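Next up: some structures, all given as structure tokens.
Below are two complexes that have chain A in common, paired first with chain B and then with chain C.
Here is the complex of A and B:
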């Protein structure tokens, strides 16, 4: 079990049966497929290319993987998914990754360094900005480091909670999962630590974050991955060519 | 009237400075054989318009023929960031305009509807609005809320790769459609390669999978494995091994020159031989 596996398992627990989740590439994809094989068999997995209610037998390698098309309820034109499903508020959970996050859940997936003279050029918004705006709420997964948890992120690709409060429509960032902890947002729209990941400490979180993240008392520890969760995750990885990502 | 054209005849119509939108999505159903033909044509100063770009954007940037990219995402998914895209962005050689998936689709949709823009909330509260000077914020004339105005995108050309087409220009897409149909409708000229040309009656049996209609198509060409090294569901998956070799070749001038000589300056049949031959591809990549 590496950090990414633990993050996938903890994220999977956040998804409830029957929810409609728009699944991004990477760890979100692993987490959603895991939830569907554990406690949420009726999870409606939606992929941005227009796949509605995917039931992939294998872990999909990419958006556009043929395994997503087989046995899905529908394959919509992508424009229809974005304009007539996402923007109507039909998506319960948008499941995102990012390179950087700030205290209000703003996400950066565009550039590290200045926009004009970046040190690292990332892949760009993709659908993240659209999903962050229009999903009922979002979960973001990213590894925890001081560079990634920044007081001021280098570029706001996807909007978090607005200055001065939470999103008034109840939308926006809901949970953040890292290798150190599980986070939520308080009534002002500021990030708070809800639980620690197994064998990690709050001091580590403070050391690895660019601002002081308060915690919700009492600070609990996320239960360890169960044998069942580990077994199902492994069986998912076994469907990949070569057996692992 | 038959619209069958060779890939060469298609790219001959694309002038320097043209804007070209490309269908597919990162590692899925990119018209790579047409893109390699465009690369060999010597055209320069191209503007590329993509929703989710991948090896096609990276290859053309690596050949130095791109001056601007309108995009929501360019990457290789499981294989990480796109090497030439990333380097060009860091060294400012190419102009990049930040869009999002919805806004690229809305821009094409506006062009199709012949309206100058479409409104959305996507983009509010982000730096995309600051750096993409094509976007404006507007006040809703009815309720006075602030919205983003996404301008119409009018590509000169669309390049697509589909499963089957007939010689009239109807196209069947069996996997995800991505934004190919929007590209075909918005572009002034649409060129489409396909795994196999079928006669019209055979093609019409595909019913709802006939996604590209002939009124939008100006040229069709049969190029089996025409999406390689990206995948073409349900027939073949992306060739991750070749893409890893591509990424490795971009790290060094001599290796990149060798890659270009072998893989770009090669007719499609030569290319297929050089990536191992059809039988080998079938055994490795067929679903």
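Here is the complex of A and C:
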């Protein structure tokens, strides 16, 4: 089990059966497919490529995979999905990754360094900004490091909670899952640590974050991945051509 | 010239892109929601000055090395949107309207652009807009076409139809070519009627290394290998030299892969 696997398992637990979840590339995709094979068989997985209610036999490598299309309810034109499903509030959960996050849940997936002269040019928004804005709430997964948890991120690709408070419509960032902890947001829209990941400490979180993240007391520890969760995750990886990502 | 090579993950017109590279076209403005390997190869070949896009990643693999290099060295200018904004730009273009209204989030991308809200005449609310995108040419690759130029697609369509309808000129490559009227029962799969299409060429496996639903799978191995090929500028040029400039056309490109290699991608096993 590596950190990524633990993050996938813990974030899969946050999804509930019957929810309509818009699934992003990378770990969110692993987590959603895992949840569907564990406690949420009726999870409605939607991909920004236009795929609605996917039931992939294999772990899809990308959001436009043939395996997603073959077992889906339907494939919508992208415009229809974004305009008439996402924009109108029919997506319960937006499930995102990012390169950087700040205390308000603003996400950067565009550039490290300046936009004009980037040190690392990343892929950009794709649907992430739209999903962050229009999903009823979002879950973000990213590894925890001081560069990634930044007081000021290099570029706001996807908006978090606005300055001065939480989003008034109940939307916006809801949970953040890292290899060190599980995080939420307080009534001011500031990130707060809800639980520690197994065998990690709050001091590590402080060390690895660019600002002081308070914790919700009493600070609990997330239950260890169960044998069943590990087994199903492994069986999901086994469906990939190379056996792992 | 502004060019949109359409197809979201699926039916990406690689054969056409390779021919554009072979003919050493230059100074193109390339538009695509997802530049994918097709534009990474075109950027590496130096055909483009400008890129209009919303997600420049190698799907399921990582980033696009040639795109990264061009941006980090300042060799290409960017016009960047979100997926929804990009599709909305095409909707406006396809409808012949100057802009499209949408509920768009305030992000650093939006802040970098001139203010573009209109006042709703009914409620007085400010509504964000994006400008129409009208490519000079949109290129699509389809599973089937007939001699009247009608184009048929099944599976993922992404923003293909809007991209085609927004263009002045539509050109297509197709996996299969049929006489007129044979496909008229496939109403639900019509991408465009022939009167909207300027030219069609019959190019089997013209989307390799992407895929064509029902015909062949994505060449995932090549998508994964591309990162190592393209990361090194010299190796990237050597690849273009060998696989694109070094082949006279798509048939030669395919035979260079070899029948055995391609057969393992074909649905059902044999081409």
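A few comments on the model shown:
In this text, the second predicted complex is superposed on the first by the 245 of 245 C-alpha atoms of A that agree within 3 Å, B and C clash if a C-alpha of one lies under 4 Å from a C-alpha of the other, contacts with A are read in each partner's own complex, and residues count from 1 in each chain.
Just so we're on the same page, contacts are C-beta pairs under 8 Å (C-beta built on N, C-alpha and C of every residue); 3 or more make two chains touch, one makes a residue touch a chain.
It should be emphasised that the depicted structure is a prediction, and the values quoted were computed from it without experimental measurement.
With chain A as the common reference, chain B cannot sit beside chain C without a clash. In the superposition on chain A, A:65 makes contact with both chain B and chain C. Residue contacts after overlaying the shared chain place A:127 against chain B and chain C alike.
Once the two complexes are overlaid on the shared chain, A:156 sits against chain B and chain C alike. When both complexes are overlaid on chain A, the residue A:50 reaches chain B and chain C alike. Within chain A, the residues touching chain B in one complex and chain C in the other are 25, 48-51, 61-66, 69, 75, 77-79, 82-83, 86-87, 110, 115, 117-130, 133-134, 155-159, 241.
Touching chain B in their complex are the following residues of chain A: 25, 48-51, 61-66, 68-70, 75, 77-79, 82-83, 86-87, 106, 110-111, 115-130, 133-134, 155-160, 162, 241, 245. The residues of chain A lying in touch with chain C in their complex are 25, 48-51, 60-66, 69, 75, 77-79, 82-83, 86-87, 110, 115, 117-130, 132-134, 155-159, 241. Considering their complex, residues 24-29, 51-52, 71-75, 77-78, 81-82, 85-87, 89-90, 92, 98-103, 105-106, 109, 120-128, 131, 174-179, 181-182, 231, 233-234, 237-238, 240, 287 of chain B touch chain A. The touching residues of chain C, counted against chain A in their complex, run 8-10, 33-34, 53-57, 59-61, 63-64, 67-68, 71-72, 74, 80-85, 87-88, 90-91, 102-109, 112, 155-159, 161-162, 211, 213, 217-218, 220-221.
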